[in-house]
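Naming follows writing order (A, B, C, D and E), and every chain is counted from residue 1.
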Amino acid sequence: MPSSLALTAIIGAPLLGFFMTIVWSRAAAVVASLTSMVVLVAAVFLAVSVSAHGAVLTSLGGWDAPLGIELAADGLSVMFMIVSGAIVLVVGAYAQHEFVHPGTETRSGFAFWPLMLVLLAALNGIFVSRDFFNLYVCFELLTLSAVAMVTLNGKTESITAALRYLLFALLGSILYLLGAVLLYAQFGSLDMGVIGQSVSSSGAEILAAGLMTAGLALKTALFPFHGWLPPAHSGAPPPASAMLSSLVPKASYFITIRLWFDVMPELAGNPLTLALGGLGGAAILYGSLQAIVQTRLKMVVAYSTVAQLGYLFIVFPLAGGDSAAQPWSAGAWTGGMLHALSHALAKSAMFLCAGLFIISARTDDLEALRGIAQTMPMTAFAFTLAAISLLGLPPSGGFIAKYLMLTSAFASGGWIWAFLILAGGLLAALYLYRPVRIMLSLPKQPGQPFKPISRWWQVAPLVLALGAVFLGIGSNEPYALLQIGRPVAAETGL
Amino acid sequence: MIDLQVSGPLFPLFVLIWPLVLGLAASLPSVRSNAIVLLPLAPLPALVLAVVGPLNIPTEAGILLLGVTLNLDINGTLFLGAISGLWCLGGIFALGYMRMTPNPAVFAGFWCLTLSGNLGVVLSQDAGSFYVSFAAVSLAAYFLVVHERTERALYAGRIYIFLAVVGEALLLIGLLIGVDAANSMSIAKIRVALADAPQAGWAVFCLIGGLGIKAGLVPLHVWLPLAHPAAPTPASAVLSGAIVKAGIIGFIQFLPDGTALWPSMLLVLGLAGTYGAVFLGLGQTNPKAILAYSTISQMGLVIAVIGVGHLTGNTVAAYGAAALYCAHHGLAKGALFMSVGMVGKSGRTFMPFVLFVTGLMAASIAGAPFAGGALAKSAIKTLFEDWALLLVTLSGAGTTLLLARFLMTIASNHGPEPDKRPSALMSVPWFVAVVAALLVPWVLVDRYSDLSVPYLLSTGALWDASWPVALGLVCFFVGLRLLPGGFRVAEGDIAGPLVKSVAAVKRMLAAVPEPTVPTIKGLDHIVSASRTQAAERRLLQLAPICVAALILAMLMFANI
Amino acid sequence: MTAALPFLVLMTSLVPALATFWLPENQAATRNGLNLGGAILKLVLVAYMLYAVGQGAVFETRLELAPGLFLLLRIDALALLFVTLSAFLWLLTTIYAIAYFGNGPNLSRFFGFFSLCVAATTGIAFSGTLITFFLFYELLTLSTWPLVVHKQNEKSFAAGGSYLGFALPASAALLVAIIWLESVTGPIEFAAPRELSGLDAFDLRLILALFVLGLGVKAAIVPLHGWLPAAMAAPAPVSALLHAVAVVKAGAFGIVRIIYDVFGIDLVSQLGMAQPLAILASITILYGSLRALQQDDIKRRLAFSTVSQVSYIVLGAALAGPIAAIGGLAHLVHQGLMKITLFFCAGIFAERAGIEKIHHLDGVGARMPWTAFCFSLGAMGMIGIPPMAGFVSKLYLGVGALETGAGWVVFVLAGSSLLNAAYFLPLLYRMWFLPAREDLETQPPSERPLGLIVPAVVTATAALGVGLLAGAPISPLGWATLIIERDYLP
Amino acid sequence: MMTWASGWLIYGLTGATLIGLGLFGFASHTNLLRRILAFNVVGSGIFLVFGATGFRVPELGADAVPQALIITGIVVALSATALAVSLITRHASLSGSATLPDDDREDR
Amino acid sequence: MIDSLFDLVLCALIIFVAFAAVSGRDLFTAIVFFIVYGLMVAIAWLRLEAIDVALAEAAIGAGLTGVLLLGAYGRFKNIDAARMGSWVPLPVLIVIALAATGLSAAVGVVLIALDPNGLGLIPAVNANIAQSGVFNPVTAVLLNFRAYDTLLESIVLVVALVGVWTLADNSAWGQRVGKTQSVRANGVLQSFGRTLPPIGLMIGIYFVWAGSSQPGGAFQGGTILAAVGLLSAMAGLFPPPRVNDARLRLSVIAGPILFLAVAIAGTAWGGMFVLPADLAYGLILAIEIVLALSIAITLMLLVLGPPEMTETPQ
């Protein structure tokens, strides 16, 4: 009972917060902090409960599936909820400096907080939902709040970016919806569990799965559908970018994983997994190359997201299809999930760093940031730590993730995946080295062109970056937690 | 307690350490300016050891280096005595000769270090300490060569150090192979093992090269005629009289019994040196250079002796004879170098005496009867037969010729003040060296050869000793008549081309590029940011197509 | 106590590192106290361990990072060899660095990363599993970079870029090698070598090659050495760290570990990989020396000298024979002592007299006698002039090579000695025999503070001492013999 | 027995056609407003398919669940459309263009 | 037969109108066709016995969406014809057409292959409707069986509103929403605005109330109320509210918040969203009414758009 209460709180609290911030915008920041704290506590509570008693399942309104909607929290969703709760909490703390204006209410000062909270609610809703149509509604909630966040700074480029983002996302939603409709037509149910038990490889299922995958890939910005991501993520205000880049694509990815590993693993043939893995690999290479040639910090970080999201799809050939029943499947799957989590932490840290740099230097042109580490050593350090995690260097979470995936790649003889994983790491070194180097360089003019930033403000990105690192050092617990509710019973261990 | 692992008499160890202690003492501020005083003291323990030292009781010190073993055998005693004696005399001579020299402490320090190495070469019975000693004597001597810091001295020093290092390297190879073959550091075992080890050929070749450089083996001799003139006279004396012998000692220590190609090679190269050096020496104008070539010539003879000893299988006799010959040559050549110093400090009135004594010494080296040199020469001649015997005998003529040229050169080199006489500190050691050179072989000849004094005083022996000298004198005067101006050979003959070729190789190497990390600047052109970004953003139009393709792929390939 | 000892030793460096980061720049006394205290404490612990391990003890600390992924710290004789060197040199380098930087900027950062580097090196030495090794190896890579770019000018960043440019692909290669191997054999512990029969010979060769590639960058094996000469842009204490205390040693040490504890000498020989590796090391030895010959910059020359010298260690391992291995391991220490002396001195020259190029050295011997003397000792050791330590290593390597039938190696060694002489002797010649520059004449440079010169004197003396007393059981040679005879000979 | 004349199938197939038509419109126009219009066509096509499949057995009447979901879908689509239209208007007033910059070839 | 023929003709017409809306020559034509299309689809829904959907489609799909599009079209007057956009290049067009056709065909094939006797959740709904508290099965699903969806859906509307408001100028914050209309006195709009609202109000309230037992409900009713509000506002009956008006905001979220509160209160009865059978009818009706009001206001505000700086109306 308490765990289903926690499940309630995890969605209910941010929704409540959403309403409160709309009517009581003066206290929005406090409300947001309290709300995300509640969410985090609830998520941790759920984690404890899940690791003690296994996955938590609850039917809303007392109506069991297929008539009603069921929510479930297993290890995977709990981990995602903890990380998103933590990120939102930190981002909220950070944003107090940017979106709280004393005196009269301002546009962005009003809009940011409800959007942030409803984004969190939508994320959590996605992480626990077992109903395909409910997921559609959650996705719309997520998309609309995310798009609105992109427009917060009101610049023309941001509006354009938001518009493009919206178009891609709407197309993705609608394809997903068509898939869900076809599933209902076939099974008379939208519940993952009900559908998963009666998968029969009919045409409707294949078409539905394909449509949903395509729609989700559009939302996840899988190469070549990533065109919307860099302008949107670099155009949004940094706290928004932090959430958009680290969490929002993960939601659609999360459902892709659910779809192919929980609901219809039987349908995941090798051509599909290869296609997804191949697109992931292409994303790694292409995103990294683009990141290398960017001249703005936020664009570098945004293209880095394109590349890093590619890793997530390499999980499919390593753990899905024919590999699903193999012993290395567990490692690859867990590695992929850990990567998603550590990327979330590292990427949000990076965007917050970028935000502080922008406030200090009034631009994120790489060249203009020369020597900024002298003014903001803590932020530069946080950026570097986050970079280390993105590169997959030990002892960060990124390393453990890549280590697990590489181990699987070698065990399965998937040389090409191993190559892509490594190449991505090296390319990441190339594109992240440049900003780090520029930050640490001595400024060209001896004068102090940077506005000093309060130390407390700089703590926010550092906390997230340290989180990414500690996800690696303390990966024992997350690893164990992720295994709970994992459908395929393959061996655990590295 | 730490086990020092020392056994046997400690005195030989003291012999080696004492000069080092003195050398370090030279760097003390209070001693620094009078450091030359230390020079004669340094070899005294060695001299004592040579005279009274027990034979064949090894000293072992396990923790030093790779385990030091010292020993003195019968040949070693002779070498030790001659070498330490000469160093002692040279040291006293230096007291007189180098009173006002700059940097006396540096000179004294390295003098002592060189000495210690020189003595170590004699005493060492293990490859490690031999190598250490050999390196000490080779490399520290560099500082004696360049002491005067003139262009010429520095040039000579460069050539010297180059060859010395090459010699070290070659010696190292030889030692490595030897140690491996013997599975021991002991020189005796190495010598035995090298007789039939697989890579013995390489080892012996490298040993001959490395040691031969020190011994002035042709064609590795080029450093001698450069270094000797450049060094201060006492240093030249020990260089030529004592240091050069380190190579010979090495030959005696390391060369295995065997009938391979190399004994013949030694014989041929030795004799080639004997005669070639005479020819090259005659082309010199600097008296010290002439003496240097003479040393090359004499050492050639010794090397030939060693070669022939191995050829005939009679190494014991050959080594004894070689030791005797070296002992005499060391003292005599030392005396001759001191003569050069004496001449510089002598006025016209004192010159005849100097010249007379010098001539006596030259005659001794040439092997004139009654002189110690004749005995030494007789001792080595017993080993040769046929044409080789003739060549060895005839070499006396060559030596006479060369040393006559030397005498002629120094005769006009006296100092400007007519009545000037060198100090006693110079003339006494000089005189002692002369006397020792003349007498020592008489005392020792029966211990180091089969010859006896009465035989040596027989007319046959006297005639054998006399005619090459006479022939040499005749040749000298004929030559003077025919070629009054003489001819010129550059000091160090082939050193010049050697230097140039090394420089050329260095230039060639500089042209090879160095690997670096490739830069990524070109990438901007490959991945044109603006164009590709525009394209990727427009992909919205293609999205349905891609979706359709994805679904098609699934339809075709799904696990139905 | 014994189970925690490896961890404690690691902490003696790690705690000062992490604490130093947070110290304000002006807390010099605290900072110095922390670092020196850590270093001294570490030396004490090392001394105890030397005694205990000499008696045959083995210490282990085991932590689980992720399921099946152990952080295993294990002190055996080989580990201790490396740790002793790095602990000893850490103390000296810290003293030197304190004197070198004086009141310079960013010192908390510097000493923090410096100690972190040493901690990483300790970790590398103590690593009991491949993954532990990799973790610390990467930590070393990362913590070194801020030191290389410490001056934060274009040149340092170029050097830092070059360093990462070489090191990160190498990490990738190393990771591939480890994971590939472990994907077949399961986690590998050094102390309990795995049966590698699950892999065919070709794969094993490839894996070994990847290991060499991965470790070869730090060990500066040609052609992976490009970063090392560039890194001379860093301050002298960093060079000391790179060349002697930590970085290049870590690579060489890793290769030794891989050959001895992962593959085993016999397997390496059977695979036919020993000889190619020995050839590679030999090429590096000669190439580095030839390059050094052409450098006009003192530190660059020294850097290329390191390229050459470190491969002696690799060569020792690659020759796959006990004596050569002893020589290689002893050289690990010998080279460290000699090279750090040289870099200390080069730093003093540069800092106190502005001498960076070789032709500036003219006549410096008389004006800075202590420095010049130490430099000369170090250089002679490098050449292999007995009784300096370098000679001992060479002798063992040569004999070891002959023992394993690789006679050609002795020519490499001899050639290298010659080349070493060729590039070091001119320096000594200039210092001692040529007349000094005018400004040196008029304003004789100081060798003070003592913190600069004393470490150099200590290391130079040590380099002489370990050669002179090579036969002693606790000399590097004696210890190396103990390692090989006790742990690796049947 | 299924016949071509089955009412639900006619509407289902109409919905399928509308989906294709809408997608075509969505992808083939560069004018943003037309894209949104096409998006709504796709949406209603999908709803039609959904509703039609819920009416396969006319004797039992229409399935209430699809109906409810369609209503939800319509509202969600309206929300999206409203935001999109506002964005398009704002974009048009800021940039003077009814298309996205990279799509608008005349723009460059 | 005649039924089928009617269906066929209707479908043909729908497709034709949709085609005209998608590919109509100019934007205005396209929008007009789209509105027509919406109305025809509503008829199709009637044929599928989905009266609730038909109402929603007519009110929201055709009506409000059409208004939104027309409003935007009005803002496009200042844009050059050259920048109004065009078709993508012909080759791409052909490929897109092929892909779209393929997709349609695939969906068609799947539909044909479906089990023609698929019942969906009809039995489940019928079995549980008694406990739902209402008699209209669609309302039962919306507000009881799948109330969670509906709650989220109502929040989606609010989020869209926040998003729309976000597009205001910074300086316009705190102003009245929308571009203030200047209405011709005694014009058509004004007379419409005076006569229609009372009627609309009646219809809207009826829809909401009827929703529990007959077709109709919060969304449909809310839409009609929104139309009433819009018309009144456009007619100048009352000034558009200010964006930071607390009452306005409260009224926007009142419905969702009540919904959420009831949902959370459900935990007291056994779990989130649980409605005890005896209270269900009353709760649902309360939610419907408040929600309809909130939806009406939200929809109206969505159509009005973000606040813009304009001079106060004369």
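One rule holds for everything that comes next: contacts are C-beta pairs under 8 Å (C-beta built on N, C-alpha and C of every residue); 3 or more make two chains touch, one makes a residue touch a chain.
The chain list, named the UniProt way, goes like this: A = NADH dehydrogenase; C = Cation:proton antiporter; D = Multisubunit sodium/proton antiporter, MrpC subunit; E = Sodium:proton antiporter.
What you see is a predicted model; the values in this text were computed from it and never measured.
**Q** If you walk from chain to touching chain, how few steps can bring you from chain C (Cation:proton antiporter) to chain E (Sodium:proton antiporter)?
**A** When the steps are counted carefully, the minimum from chain C (Cation:proton antiporter) to chain E (Sodium:proton antiporter) is 2.
**Q** Report the chain ID whose CA centroid sits closest to the centroid of the full protein CA set.
**A** C
**Q** Give the chain pair that accounts for the most C-beta pairs in contact.
**A** Of all chain pairs, the one joined by the most C-beta contacts is D-E.
**Q** Greatest Cα-centroid separation from chain D: which chain?
**A** Computed centres place B farthest from chain D.
**Q** In terms of CA centroid distance, which chain is the most far removed from chain A (NADH dehydrogenase)?
**A** B
**Q** Based only on mean CA positions, could you tell me how far chain A (NADH dehydrogenase) sits from chain B in angstrom?
**A** It comes to 77 Å between the two C-alpha centres.
**Q** In whole angstrom, how far does the Cα centroid of chain A (NADH dehydrogenase) sit from the Cα centroid of chain C (Cation:proton antiporter)?
**A** Each chain's C-alpha centroid was found; their separation is 43 Å.
**Q** Quick one: chain B and chain C (Cation:proton antiporter), Cα centre-to-centre, how many Å?
**A** Distance between chain centres: 36 Å.
**Q** Using CA atom averages as chain centres, what separation in Å is found between chain A (NADH dehydrogenase) and chain D?
**A** Roughly 28 Å, centre to centre.
**Q** When you check chain D against every other chain, which residues touch at least two of them?
**A** Residues 19, 23-24, 26-28, 32, 49, 53, 65-66, 69, 72, 76, 79-80, 83, 87-88, 90, 100, 103 of chain D each touch two or more of the other chains.
**Q** Find every residue in chain B that makes contact with two or more other chains and list them.
**A** Where chain B meets two or more other chains at a single residue, that happens at 533, 537-538, 540-545, 547, 551, 555.
**Q** Mind pulling the residue numbers of chain A (NADH dehydrogenase) that touch at least two other chains?
**A** Only 67, 133, 137, 140, 144, 147-148, 151, 159, 164, 167, 171, 178, 182, 184-185, 203, 207 qualify.
**Q** Over in the complex, which chain A (NADH dehydrogenase) residues touch chain D? Could you list them?
**A** The contact residues of chain A (NADH dehydrogenase) facing chain D are 67, 133, 136-137, 140, 143-144, 147-148, 151, 156, 159-160, 162-164, 166-167, 170-171, 173-174, 177-178, 181-182, 184-185.
**Q** Given the complex with chain B, which residues does chain C (Cation:proton antiporter) contribute to the contact?
**A** Those residues of chain C (Cation:proton antiporter) that touch chain B are 161-162, 165-166, 223, 225-227, 229-230, 290-291, 293-294, 383-387, 391-392, 394-395, 398-399, 401-403, 407, 410-411, 413-415, 417-418, 421-422, 425, 429, 433, 467-472, 477.
**Q** Would you tell me which residues of chain B are touching chain C (Cation:proton antiporter) in their complex?
**A** Counting only chain B, the residues touching chain C (Cation:proton antiporter) are 2, 5, 62-67, 127-128, 131-132, 135-136, 139, 146, 149, 154, 157-158, 161, 165-166, 168-170, 172-173, 175-177, 179-181, 199, 202, 206, 506, 509-510, 514-517.
**Q** Over in the complex, which chain A (NADH dehydrogenase) residues touch chain C (Cation:proton antiporter)? Could you list them?
**A** Its residues touching chain C (Cation:proton antiporter) are 328, 377, 388, 391, 393-395, 399-400, 403, 406-407, 410-411, 418, 422, 425-426, 429, 433, 437, 440-442, 472-473, 475-476, 479-480, 492-494.
**Q** Give the list of chain A (NADH dehydrogenase) residues in touch with chain E (Sodium:proton antiporter) in this complex.
**A** Contacts found on chain A (NADH dehydrogenase): 4-5, 8, 12, 15-16, 18-19, 22-23, 58-63, 66-69, 104-108, 110-111, 114-115, 118, 121, 125, 133-134, 137-138, 140-141, 144-145, 147-148, 151-152, 154, 159, 178, 182, 184-186, 188-189, 202-204, 207.
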